[in-house]
Amino acid sequence: MATGTSMQLGMVGLGRMGSNLARRLIRDGHRCVVYDVNPDAVEKLETDDGATGAASLVDLVEKLEQPRTVWLMLPAAIVDSTLDELVPLLAPGDTVIDGGNSYYRDDITRAQQLVTQDLHYVDCGTSGGVWGLDRGYCLMIGGESEVVNRLDPIFKTIAPGAGSVEPTLGRDSHAGTAADGYLHCGPSGAGHFVKMVHNGVEYGMMAAIAEGLSIIKHADAGKATQAVDAETTPLRDPWAYQYDIDIAEVAEVWRRGSVVGSWLIDLVANALARSPELDEFSGRVSDSGEGRWTVLAAVDEGVPAPVITTSLFERFESRQLGNFTDKIVSAMRSEFGGHAEQK
Amino acid sequence: MATGTSMQLGMVGLGRMGSNLARRLIRDGHRCVVYDVNPDAVEKLETDDGATGAASLVDLVEKLEQPRTVWLMLPAAIVDSTLDELVPLLAPGDTVIDGGNSYYRDDITRAQQLVTQDLHYVDCGTSGGVWGLDRGYCLMIGGESEVVNRLDPIFKTIAPGAGSVEPTLGRDSHAGTAADGYLHCGPSGAGHFVKMVHNGVEYGMMAAIAEGLSIIKHADAGKATQAVDAETTPLRDPWAYQYDIDIAEVAEVWRRGSVVGSWLIDLVANALARSPELDEFSGRVSDSGEGRWTVLAAVDEGVPAPVITTSLFERFESRQLGNFTDKIVSAMRSEFGGHAEQK
Amino acid sequence: MATGTSMQLGMVGLGRMGSNLARRLIRDGHRCVVYDVNPDAVEKLETDDGATGAASLVDLVEKLEQPRTVWLMLPAAIVDSTLDELVPLLAPGDTVIDGGNSYYRDDITRAQQLVTQDLHYVDCGTSGGVWGLDRGYCLMIGGESEVVNRLDPIFKTIAPGAGSVEPTLGRDSHAGTAADGYLHCGPSGAGHFVKMVHNGVEYGMMAAIAEGLSIIKHADAGKATQAVDAETTPLRDPWAYQYDIDIAEVAEVWRRGSVVGSWLIDLVANALARSPELDEFSGRVSDSGEGRWTVLAAVDEGVPAPVITTSLFERFESRQLGNFTDKIVSAMRSEFGGHAEQK
Amino acid sequence: MATGTSMQLGMVGLGRMGSNLARRLIRDGHRCVVYDVNPDAVEKLETDDGATGAASLVDLVEKLEQPRTVWLMLPAAIVDSTLDELVPLLAPGDTVIDGGNSYYRDDITRAQQLVTQDLHYVDCGTSGGVWGLDRGYCLMIGGESEVVNRLDPIFKTIAPGAGSVEPTLGRDSHAGTAADGYLHCGPSGAGHFVKMVHNGVEYGMMAAIAEGLSIIKHADAGKATQAVDAETTPLRDPWAYQYDIDIAEVAEVWRRGSVVGSWLIDLVANALARSPELDEFSGRVSDSGEGRWTVLAAVDEGVPAPVITTSLFERFESRQLGNFTDKIVSAMRSEFGGHAEQK
């Protein structure tokens, strides 16, 4: 079921994403040399999927034919140290792809450094999560056109393809690769820039969905009895909040025909079908960099982005990072009104 | 291609939504008596689609067999006056469905009034827009179980059906109608409550997408020359904002395999394929009630909804409703710093 | 040191605010008949301050000369039940002042009801907290002009007076009472409307100050060691966050000459001088109604109020009311990326 | 009326702030050598205030006794080019103070560079605007303790002094200079860091006040007639928005005794007394850097700052910087619902 020319690629970093990218490439007829600091991950991919294992970066480089292509799928924090080790092993004409979540500014710097050694650098934002193995990954690519074009068979394999999604009305069907799920966005950094903002949008969409379902969940607020004191406002219209609505069913019904239909709604439906109260979660939501960088870009550009920014701060709040702020507000209330905090 | 029992229904209000609902019902084997203040709309549906036209509400009621079902598809502002006229014409056992965007609290009041005359009232939030005729409409329904169950063939026809969407993992496939795109959410008002919040979520998702694409659009901010004065902050890193990224292509690539994949992204791709600069729009965004009511519900319930609320206020800002606020800020800056406004 | 005509007033509700209002009136030569459900509070005011105690509402009304003036200083939740008991005891021409934090819409309703019995109703928003006894209270008043004018000596006594604040430039010095700290804002409800928004503004100002001091407090963020994993973004510029800044001193220096100088900054300085880490607070911030109502008014009016609204939601977050929202976001992250929550 | 030891200082940049700082220093017995690219500004200060004029930076440096102190009061964008010219003229032991609105990170870099030439660098955030000449300026200072201590007489003169503000309760009256309105906040950059956040707080407070007064201004919303169409939500309770409230009087009454009492409220009262409708303003609000940097710091630190950030974005919106975002939202509404924009 190969989609085109077979190529060889070195994959460094065999976590969730790296392993599945290698698998998807191998399944489509490409050859992968794989390396990870954890030898078990290497062995598993060798045994189960037919990858060629490497015992070290040196070994990986030696097993790749020139011009080499090395795909890094690593936490952003260790890309630079890996490059420090990898780059001296490479030869002119070789290419490094950073498929992780690097800050796009680092791409610009790295590409400038690599070009001095006749090496190529491609940044590739990769979206798709644990589902990408079967569903394909959406790729947002930055770098030199010639290099990106040469690597087209790899990107084509990793991307979802046109699939079952209907064509965009009025779009020229020969207008490039975007309709196959991968896009050369521009020069170095452009791929990670678009991926960064993609994640910012993702934060905002997730927050909107979560807030909405939470409002529906609490449509029974009028059933609670109300304290009567100067610190608490009684609900004026308890009769209007007497609903017990099953939000798992709401998520399910929104999957079809509604304006909010989306993959995120599909996933919420999955989660709620399995766990209606989501008791296995505490509600501490991480943020992994792109949301923050999106806000910085919006501020630099002077583009208002209150929704995306608010969704980032909501994640901070979920981890109680605003606690000292709250204490100051409590302190002010205590000072001017003698208000004590409620338990 | 009828999906079940054929029923008869009266449709009042033949705008975009009402006409298409009637058409979809007729195509699936139901019979529709239709009325609108505009006789051309009635005639068109009679001629083109095989509806039975009515010249007045009296005529519509007379042409319906008992127990009657009358679906109102009207602007929220005229539902009550229409009910004032319609209700006296109905007989015990008849049902009125409000399929528009009424405030759920009005549903509660109306249902209480109608029940005193042995009439039934069903509120039905209807999402799907101009695409619903072919795609089906997502229905969120409130009212008495017995009545909602009796009308099941009508809802089933209007809803999208399970369609090409994959089943939700772990969901009991016999668990009700939500997987067909319609849901009985609870007693009177519950349908419009869920639809109201649906639209709040829609506002937030739309804003997140729009902000993100706008940030990408302005990734060329470093190319602009910068004024040097005490009022303007120069961009510190113009080198980092040198991209010309085609957001139509970005929207296209996000349609497949990405976490933000959604119907809204599909629609943005449509719009940008046709009009890359969106010059035909001025940017004045209406809000039609549900967003506001969602915020009121969040505040009443004590559920933080900063993302949805911010997206509502962004719409207000798009219509310059914050202009006086801005003037006050300008006045303060002038007072303390002698700052003049820039042109 | 009486500022004018001596009047007689009945005070109902001898909490923090009610007691001090009575004291301030008595000190300025007015006569107060006081009542509270707690007889100790009555006795204390009788013994220490020379008030006339009342054993019941009946007793209070009997001890007041006609036309009577009764000031209610009660939690908003019990004003209506108190009025139910009080109103039948009054005689035509009597006036009830609600000095608490009632919703202004209730004022409109109550005034309409009382006028049918030839009674007058005045709503009076009262700001000043525990400091008002000495500092005076800022009064925002709604009701009939004639009645408000007749009660002028009472309002004048309670208000701060022109004091040490410099006159507003360009303001006609004979232009009314606002420069003395009390204002007839308009008909019934106008006083509480202005007080409601006042508190909304207060929420926003408090949040801005608290966020800012918290950012300064965390200017040492670069000193923390950083985890290296795909879930955590390392701080890019730890060298830029190496400050240990004493925020008590910052609050102190902002008190004089700065643009943010304000009574709230004075109070923060007090609180931090006494307790630099604010350890006695947990950070659970109550909201007592006016903030919520301000948001509702902004939404109704179509006036964007994102700052005030955000400050309200920040209070909700401080009480973990967004926890279920956060769980949904965590569930989505788990679904698409296999992300586990961090501890 | 000298407050202490007389010192000599060079002032570079004689705009609003620089001129008044020089005047305030001279009035208190210090000697100032002043320079500006505009010779008229130099001459005016020489003639009217007794400063010593300089025709160039060379001239200024020659007229200063060693160790020299040069205060730069310049737009942030030209500080570096001025330093490039100035620094070679200085001698070991000389000090440069940047009193403008530089980004604190630049202070760190500059201090590191200057120390290699045995020069000292002090960053000094200066708040007070056009009122500072008489009222004094609040100073937030960063740099080496020894240098800051040596310059104490200069800071003491510029700062407001304890003035008429009441002492902070519980604060040790010998606890440093903050109670006089100036504070050594920490090493290089700490002064501008605190000033940066100060301005962020200022943005938030201004926005809260402006939003609140705007909500009061629009309390007459119920008087407008309402369109009846599917795009517009009629106001449900027009009876509740029938007030014509004079916001100039509201600002005036809030000046005394209320919780929101502040210098900003004083200034709003000034502005509204002169111009009740603020017609001379268009509502385009500039932002001059510190607000943006405060947001970047909050994001870097992981401290939620939704209120301050929202106030920044409100300024962006006031300048229509979100217009493309709005167009995208309009485009989506057109796609799914056939909604046309309203005029």
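Chains: A, B, C and D, in written order; residue numbering restarts at 1 for each.
The rule is simple: a residue touches a chain if its C-beta (ideal position, glycine included) is under 8 Å from a C-beta of that chain, and two chains touch if they have at least 3 such contacts.
All values derive from a computational prediction rather than experimental measurement.
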item	value
Mutual neighbours - chains that touch subunit C and subunit D alike	A, B
Duplicate of the C-D contact set - from B-C, A-B or A-C, the pair where over half of the pairs recur	A-B
Chain centre separation in whole Å, for subunit D relative to subunit B (CA means)	44
For subunit A paired with subunit B, centre-to-centre distance based on mean C-alpha positions, whole Å	29
Length of the line joining the C-alpha centres of subunit A and subunit D, rounded to whole Å	39
Sites on subunit D at which at least two other chains make contact	129, 207, 209, 211, 213-214, 218, 236, 259, 263-264, 270, 292, 300, 302-306, 310, 313-314, 317, 322, 325, 336
Complex interface listing, subunit D residues touching subunit C	104-105, 108, 127-129, 132, 135-140, 159-166, 168-171, 175-183, 185-187, 189-190, 193-194, 197-205, 207-209, 211-216, 218-219, 221, 235-237, 239-245, 249-250, 252-266, 269-270, 273-274, 294, 297-298, 300-308, 310-311, 313-314
Interfacial residue positions of subunit D with respect to subunit B in the complex	15-16, 75-78, 101, 103, 129-131, 206-207, 209-211, 213-214, 217-218, 226, 228-234, 236, 263-264, 267-268, 270-272, 275, 278, 281-289, 292, 306, 310, 314-315, 317-318, 322-339, 341-343
Complex interface listing, subunit B residues touching subunit C	259, 292, 295-296, 299-300, 302-306, 309-310, 312-314, 316-317, 321-322, 325, 336
